[in-house]
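In what follows, subunit A forms one complex with subunit B and a second complex with subunit C.
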Partner chain A sequence: MKVTVKYFGLVAEAADKSEEVIELSEVLTASELKKQCLEGLAITDKDSVQIAVNQNLDDAITIKDGDEVALLPPFAGG
Partner chain B sequence: MSRYDRQIKLTEVGLEGQQKLRNAKVLIVGVGGLGCPAAMYLVGAGVGKIGLMDHDKVDISNLHRQVLFQESDVGRPKAVAAKERLEKQNKEVHFQVFEEPLTIENAENIIKQYDVVLDGTDNFETKYLINDACLLADKPWVFASIYKNEGQLSVFNYKNGPTYRCLFPKSTRQNISCESTGVLGVLPGILGTLQAAEVLKIILGKGEVLSGKLKLINMMLASEQTIKINKRPEEIERIYKEGISPVYIDCDLKNKERWYLDVREVFEQPKPKGKNVLNIPLNDLTLRYREIPNNQEVFVFCQSGKRSKNAIEILKNEFGFHNLKNVEGGIETIIDG
Partner chain C sequence: MDKKKPKKVFVQGAIPPEKIANSVANHQSKTNIGAHSIFLGQVRADEVDGKTVTAIDYTAYEEMAENVFHEIREAAFAKFDITCAHIYHSLGKVNVGELCLFVFTSSAHRRIAIEATNFFVEEIKAKVPVFGKEIFEDETHQWKVNK
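After this line comes the complex of A and B, so read on.
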């Protein structure tokens, strides 16, 4: 199944992209997908990054074909 | 002709709305890139009382985005310079200047005196502090943050809506400011102006307030997105129960087998997870030294390695511990990741 992943803030920078479509071969929850997407990225405190699935914050939901997920790190500039 | 004529003409404002604005009290915490434009529009709209809180001084590198300040303000306290400028814009507005940071001690008391808080801060500690104090004082707050070309915007604790801790229950050590990453002045200009718009809607009781939603803006990509935020009741309950709580940032230690003694104060961050870490602040050691194992090696750490060295001296000389090792470079050297 195909999932669109949108990256924000530091996560976008570490991934060097703001959006990509990825192919998933297994069924994953949002939190598992988050872990997979963040793996290998140079970000500290990965637990602070939140995941939204179809514009809804929820890390327990199961990812479906065609979902759009967003990886949202906190940032604090002002 | 009233100075507010052009907004009174709007059905959402009218004479009644203008009176609400005149009676309203808004606290702006942080008079910087976000706080400056927000203050100008709130003053323009005739908000009756505005608190300006900032303990910083104007720097020449602020002028590209902190639009209240002039070259002649460089070196002056931001809150004072902002008040002088805003008074010239609208003499009907009353200002209260706070040349001090918001702290655990003063937050609730100051926030209680206002109707809405506008967050113009640039660090996580103060954002969580505003969040907790607003929850306890039952006040809504308008949040914004920027990172390079991106902005986040939301309204928290509005009519029992979600809080900042519902969005980000866990913070990060990556406290990155505009000073270090760079920012175009227009971005905080946009976000600060949107914050002022949310404040006005809250006061007027009109329109859709951005509560339970996080707006994401990318200025460079000209893109916008809104994410729904759900309440995390356990986060809210915890603050009601424990009071204002410092930012809680946890981390993993590289070694999960060793025994560790953390001699920092309980609020110091990050907090290691795991049952192999004992936290006894330096000043409590003489009361609680019995909790420390004496039959195996224990690694003692603090933020930098200094206090832990003192702790070992005390434990060795006064209580006969010979199994303690100092973590020289402090906690950062033993964190995993």
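After this line comes the complex of A and C, so read on.
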């Protein structure tokens, strides 16, 4: 299945990309996908990164074909 | 009256001070209003390890952010008896001393407007996926985190 992954802020900087489509061969939860996407990236506090699946921040969600996933570092609005 | 319509929150670059005056002027015909409450966020020249912030470059997960802004508006209208509410947030580069957030609520009476503005600001800081790159004078940067 194909999933679109969007990277923001310091995660986009560490990954050196803002978006990619990845192919998943196994069933993953959002939390597992986050771990996989962040692996090898130079990010000090990976626990502070949240994953949104179709804009939903619940990381227990199971990823489905066609989902839009976003890796969100701490918010800094205002 | 216009509380259900999703509104565009993001503006490119700093929010011009004239926008605040114009917003006030636009509400003078609404004579059921007795109080406006305004919050203005201004980019601060923080000092970190001897280096000074000169600007913040804002980015956002825009589609999600616009939806979260809308949810916050809906929650605010359900919670407070406000006449109207407007939010503007910058994207892109905003220099120190310039405005990056403008929250404007109106009500018949002051307490409701003040409480509603406070609610908006706290919700925006906690829930909206906006990211800020603090740029120092030597072009290095760090990523801002809301406290």
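Worth pointing out:
Everything below uses one rule, namely that the second predicted complex is superposed on the first by the 74 of 78 C-alpha atoms of A that agree within 3 Å, B and C clash if a C-alpha of one lies under 4 Å from a C-alpha of the other, contacts with A are read in each partner's own complex, and residues count from 1 in each chain.
Everything below uses one rule, namely that a residue touches a chain if its C-beta (ideal position, glycine included) is under 8 Å from a C-beta of that chain, and two chains touch if they have at least 3 such contacts.
These numbers come from a predicted model, not from an experiment.
In the superposed model, A:D58 makes contact with subunit B only, not with subunit C. By the touch criterion defined above, A:T44 reaches subunit B but does not reach subunit C. Once the two complexes are overlaid on the shared chain, A:K35 sits clear of subunit B and of subunit C alike. Partner contacting the larger number of subunit A residues, of subunit B and subunit C: B.
Comparing the two complexes, residues 6, 8-10, 48, 52, 55, 70, 72-78 of subunit A contact subunit B in one case and subunit C in the other. On the subunit C side of its complex with subunit A, the touching residues are 41, 58-61, 63-65, 67, 89, 100-101, 121, 124-133, 143-146.
Residues 6, 8-10, 13, 18, 43-48, 50, 52, 55-58, 70, 72-78 of subunit A are the ones touching subunit B in the complex. Put simply, subunit B touches subunit A in their complex at residues 30, 32-35, 119-124, 127, 144-148, 150, 152, 167-168, 170-178, 181, 183, 188, 214, 216, 218, 221, 225-230, 249-251, 270, 337.
Note for the complex: subunit A touches subunit C at residues 6, 8-10, 48, 52, 55, 70, 72-78.
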